[in-house]
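Before anything else, here's the structure in question.
Labels A, B, C and D are assigned to the chains in the order they are written; within every chain, residues are numbered from 1.
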Amino acid sequence: MAVKSIKLPKNHQALSTSLIMLWVLAACLPGLIALTVFFGWGTLINIAWLCLWALLFESLVLILRKRSLSFYLKDYSALVTAVLLGLCIPPSSPWWLGITGIFFAIVIAKHLYGGLGHNLFNPAMVAYAVLLIAFPVEMTNWALPLGVEQNVDGFTGATALDLFRNERGGMLISEFWSQSSFFGTFSGIGWEWVNFGFLLGGLVLLYKRIIGWQIPLAMLGSLLLMAAIFYDGGSSASGGSPFMHLFGGGTMLGAFFIATDPVTASTTPKGRLIYGALIGIVTYVIRIWGAYPDGIAFAVLLGNFAAPFIDYYTQPKPIPDV
Amino acid sequence: MSNELRNSVSQSAFKLASFAACVGVILSAVFALSEARIAEQQLNAQRQAMNIIFPANLHDNDFINDTFKLDLTTNDFNQLDLLGLRENSTAYIARSNDQISGVIFPAIARDGYNGDINILLGISSSGSVTGVRVISHRETPGLGDLIDLRLSNWILSFNNRSLRNPEPAAWTVVKNGGEFDQFTGATITPRAVTAATAKALQFFELNKTVLLSL
Amino acid sequence: MKKDLKNISSQALWHNNPALVQLLGLCPLLAVSSSVVNAVGLALATIMVLVCSNLLVSLIRHQVTDAIRLPAFVLIIAGFVTCVELLLQAFAYSLYLSIGIFIPLIVTNCAILGRAVSFAAKNTPLISAFDGLMTGLGFGLVLLALGAVRELIGTGALFANMELLLPFTENWELSILPGYPGFLLALLPPGAFLFMGLLLALKNLIDKQVAEKDLKDIESELGSTATHTQN
Amino acid sequence: MSAIIILLISAILVNNFVLVQFLGLCPFMGSSNKIETAIGMSAATTFVLTLASMVSYLVYQYLLIPLDIAWLRTIAFIVVIAALVNFTEILMLKTSPLLHKVLGIFLPLITTNCAVLGVALLNINAGNSFVESAFYGFGAALGFSLVLILFAALREKLNLADIPAPFQGASIAMITAALMSLAFMGFTGLV
C-alpha cells in the first residue's frame, strides 16, 4: 500500500522535476560559497569533476538500457546527486575518489533499481558511505579552514568533529574548545558558516514548498534533544554542545538537502516525523559513540532502510483506493 | 494396529540408535587418530606466535610450560595496573642456559579508538623490547588496524626499544612530539599501543628483581 | 549412464547450481569468500562432506524408513563435518583458525541435506557420490569465483597466504595491480553481498545471451517489462 | 546490567547476525517477501534461538565438558536444536493451537537455520555465561528480526521498481542487502 503513494516525478511531471532540481541546485549555493571561502577551490573542482562523470555514467547506463538520453538527462537528477556528493567529500580528494563514488551513486544505487523514482537508498549517501568505508584516510583528510595556520597544533587535516572525537582526551569541553584553534564561536571554524549557508538554502526550499517541514524539523529537533541531554554542562564525559552538533559537520546539508529526498524518504506526514527523528538520533549516536566522526550518511541510509516499514504503519486511514 | 505402530516406532528408534552408535564409533576412531596431532598443532601455533615475540636465538627453553600468573587480587607485583589487564592472566618465562633471558606477558591498551587493544609483548632481561604483537582489537578497518602486522610493519618499530630509548617524553607518536609514527588519518590507535608498550616497560622495570628471579 | 553423468554435471555446475540458483549455503559462501585461500579451504571441506554423506546415505538407503530419514541423514552429515573439522585441525591448523566457525556450519548448509534427501536416498552409491562431487564442485566454484573477485578488487593481489592450505604454494601470491590503493569495501560484509549480487546478475545475463543469442531480443524484452511496470 | 546492554547492542546492531556475520541468510532471503511472513518467522526464530542458546550452554557445560567430548559439540548441538524445535512444535500444538497455526509452518525451517547453530557455537567461543548466552541469543534473534522485517517492507517497494532484467530477483535482493549492510557499518565501534 505504502508504495503507491510515492511520487514518481519522472512519469508525471518531467518539466517540474527539472525545475525542482534546479531550485535544489540553486539552494546549495550559499553553503557552497562558504565551503569555497573557508576551504579553497577544491569543492568547486570536485563538483565539476563529479558532474562530468555523473553525466557520463548516466548516459552510459541509458545507452545500455536503450533509453532516451535527452528525456532522462533533462531532469538534472544526476547533477543533483553529483553536487551533493561533491559537497560532502574532502576538497583535496584524489581524482579517482570522485569517480568511484559517483559510479556507486549513479550505477549501483540508482540505475540497478531502475533509475530515478525507484532507488531505495539515497545515491549520494550510498557513495559517501562506500568511500568512507573503503578509503577512510582520504575521506577524513580535509583542507585546513581559513584562519587556521598550518601545523598550529600539528594537525594537518581533520574536521572539527573529527578532532572532537579523537583529540579531546578527558578534557572539559570549554578547555578543549579554547585550546584548539579549530573551533570558532559555537562550532568548528568555517563549519559554522557552511552550515549556516545550507540552513539558508534549506529555508528557501521550504519557502518554495519544494521540501516539507517535517523531516528537517524532526531531524534537527531530535539531534538537538540528544545533544542537550548528553551535554550536561560540558563535563569531560559529555558530548559536544547542542550548537556544535547543529552547526557542525554535515548537519544542515543532511537535514534539508539529503534526508528530504522524496524518493527515499518516508512519504506519510506522521512517517516523516518518525523518519526525521530516527536520522537525528542515529546521527548523534554515531558521532559520539561510533567509529566514524560524522554519522549523517549512515543515519540517512538507515532511515531509507526503515522508511517503507514506517510508511506501512503510518498510512493515513482509510487507505485510498488503488 | 497400535501394536504394529509401536513395533515400527521401536524399530525406528533402534535403527536410529544403531546409526548413532556407528557414527559415534567412527568418529571416536578419527578423534583418537587425530587427537595427538591436534594438540601438537595447537601448541606449535602458540609456540610459533611466541617465538616471533621472543626470538628463538634468545632462549632455549619451551616457555609454553614455563609460566607464572599475573594475579590481580594479590600484591605479588608492584603496580600491576600498568598493564591494564582486566582478568588474571598467564605470563611466560624465557630462559637461556637456565638463566632468565626475558619474560612474555599480555597487556591491554584500554584507550584504543574503539575500546581495548589486546597486546602480547616480550621484554628481555636487559629491559628492551624483543617484540610486540596485537592479539585482538576493534579498530576502524583501513585506519587504526595498521597496528596489525599482517597489514603494516609499524608494530616492529618497538623492537629493541627500552625505557630510556627513546627518552620517556618521546615515548609517543610524532604528532605529540614523540618518536613513533602515527598513521595517516589515525592517531589514537598507534598512540594507545605506544603508551601501553611504554607502561609495560615501566612495569618490567618496577618488578625487575621479582621477575628475573622466578 | 554417460548421459546421466553429463546431466548431473551440467545441472549441478550451472543450471541448478546450489549457490547461484538455489541460493543454498549462502552463510558460509559470503562469510568465507574474502580470499582465495579461505574459499578453497571451505570448498574442499564442503566437497568432502558432500561426497561422503551422499555415498553413505545411498549405501544405507534401504535400511532407512521414512520416520527416521531426516534425523539419520543429519546425524551422518554432522558426523562427517566433525571428521573434517578434526582433520583440518590436525593438518591445516592455521587455516582452521581463519575459517573456524564456518566448518561446523556446513551441517546447516541446506545443499547437503537437500542432495541427501532428493538424490542419494534414491540412487545407487557410485552415482550418488558423483552427484555429491558435482554439487560440491558447483558450490565450490562459485565460492572460488567470489573469493578471487573480492581478493583481487579488495587488495589488488591473488592467492595470498595459500601456504596455509598447501605448504608448497609459499610464493604463489600474485600482485596483479601494483600500486593499487586497495578497495577495503570488497573485503567487508557489504562487499560480499554486493559481489554475490553482481555474480547472480552475470549468470542471468549469460543465460539470457545463450538462450536468445540475440541482444536485440533482450533489449526489447527489457522495454516491455519497463512499460509494464509503468502502467 | 550495563554488560548485558552492551551485549544486546553488539548482537543487534554492531555485529548484526544477518548483515555482518552472514548467519541466517537462507530464511532471510526466503521468508522476506511479505511483512506478515517476516513477522511470523521472526517470532518463531526469536523463541527458538533464545531457548537453543540456553539449552546448548547447559548441554555443553554439564554434559560435554564433564564427559570430555567437547569435540562432539556440532553433533550434540544439531541434535539438541532439532529436538527443541520438535518439542516446541508439540508444546505449541497442545497449549495454543492458534500460535501453532501462525508460527507452525516456520518451525521446521528453523532447524536448518544456521543462525541457531551459529549462536550456540559463538557463545562457546566467546566463553559466555548462562545469562550472557541467553541474552546473546535473544539479541541475535532481535537483530535478525529487525533486519528481516525492515527488508520485507523494502522488498514490497522493490517489487514495483523497474529493475534491469539481469538484476531481477535474487540479484537485486543481494545488492539491497549490500546497501543495508553498508548502513549497518555505521554502527562500527559502538561497543
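Here, contacts are C-beta pairs under 8 Å (C-beta built on N, C-alpha and C of every residue); 3 or more make two chains touch, one makes a residue touch a chain.
None of the values given here were measured: they were computed from a predicted structure.
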Please list the single chain whose C-alpha centre lies closest to the global protein C-alpha centre. D
So the chain most remote from chain C by C-alpha centre is A
Across all chain pairs, which one has the most C-beta contacts? C-D
Could you please state the distance in Å, as a whole number, between where the Cα atoms of chain A are centred and where those of chain D are centred? 33
For chain C versus chain D, what separation do you get between their C-alpha means, in angstrom? 22
Quick check: how many Å separate the C-alpha centres of chain B and chain C? 34
Counting in whole Å, what is the centre-to-centre distance of chain A and chain B, each centre being its mean C-alpha position? 42
I need the residues of chain B touching at least two other chains; which ones are they? 23, 27, 31, 113-114, 140-142
Chain D: which residues touch two or more other chains? 71-72, 75, 160-162, 164, 167, 172, 175, 179, 182, 184-185, 188-189
Using the touch rule from the top of the page, what residues of chain C touch 2 or more other chains? 71, 75, 79, 82, 86, 184, 188, 190, 194, 222, 226, 229-230
Touching residues of chain C toward chain D in the complex: what are they? 23-24, 26-28, 30-31, 71, 74-75, 78-79, 81-82, 85-86, 101, 104-105, 107-110, 113, 188-194, 196-198, 200-202, 204-205, 208, 218, 221-222, 225-226, 229-230
Residues of chain B defined as touching chain A within the complex: 113-114, 140-143, 175-176, 183-188
Where on chain A does chain B make contact in their complex? 133-137, 140-141, 154-155, 166-167, 291-292
Interface with chain C, chain D side, in the complex: residues 19-26, 29, 71-75, 77-79, 82, 112-114, 116-118, 121-122, 125, 160-162, 164-175, 177-179, 181-182, 184-185
Inside the complex, what are the residues of chain C that reach chain A? 181, 183-185, 188, 190, 194, 219, 222-223, 226, 229-230
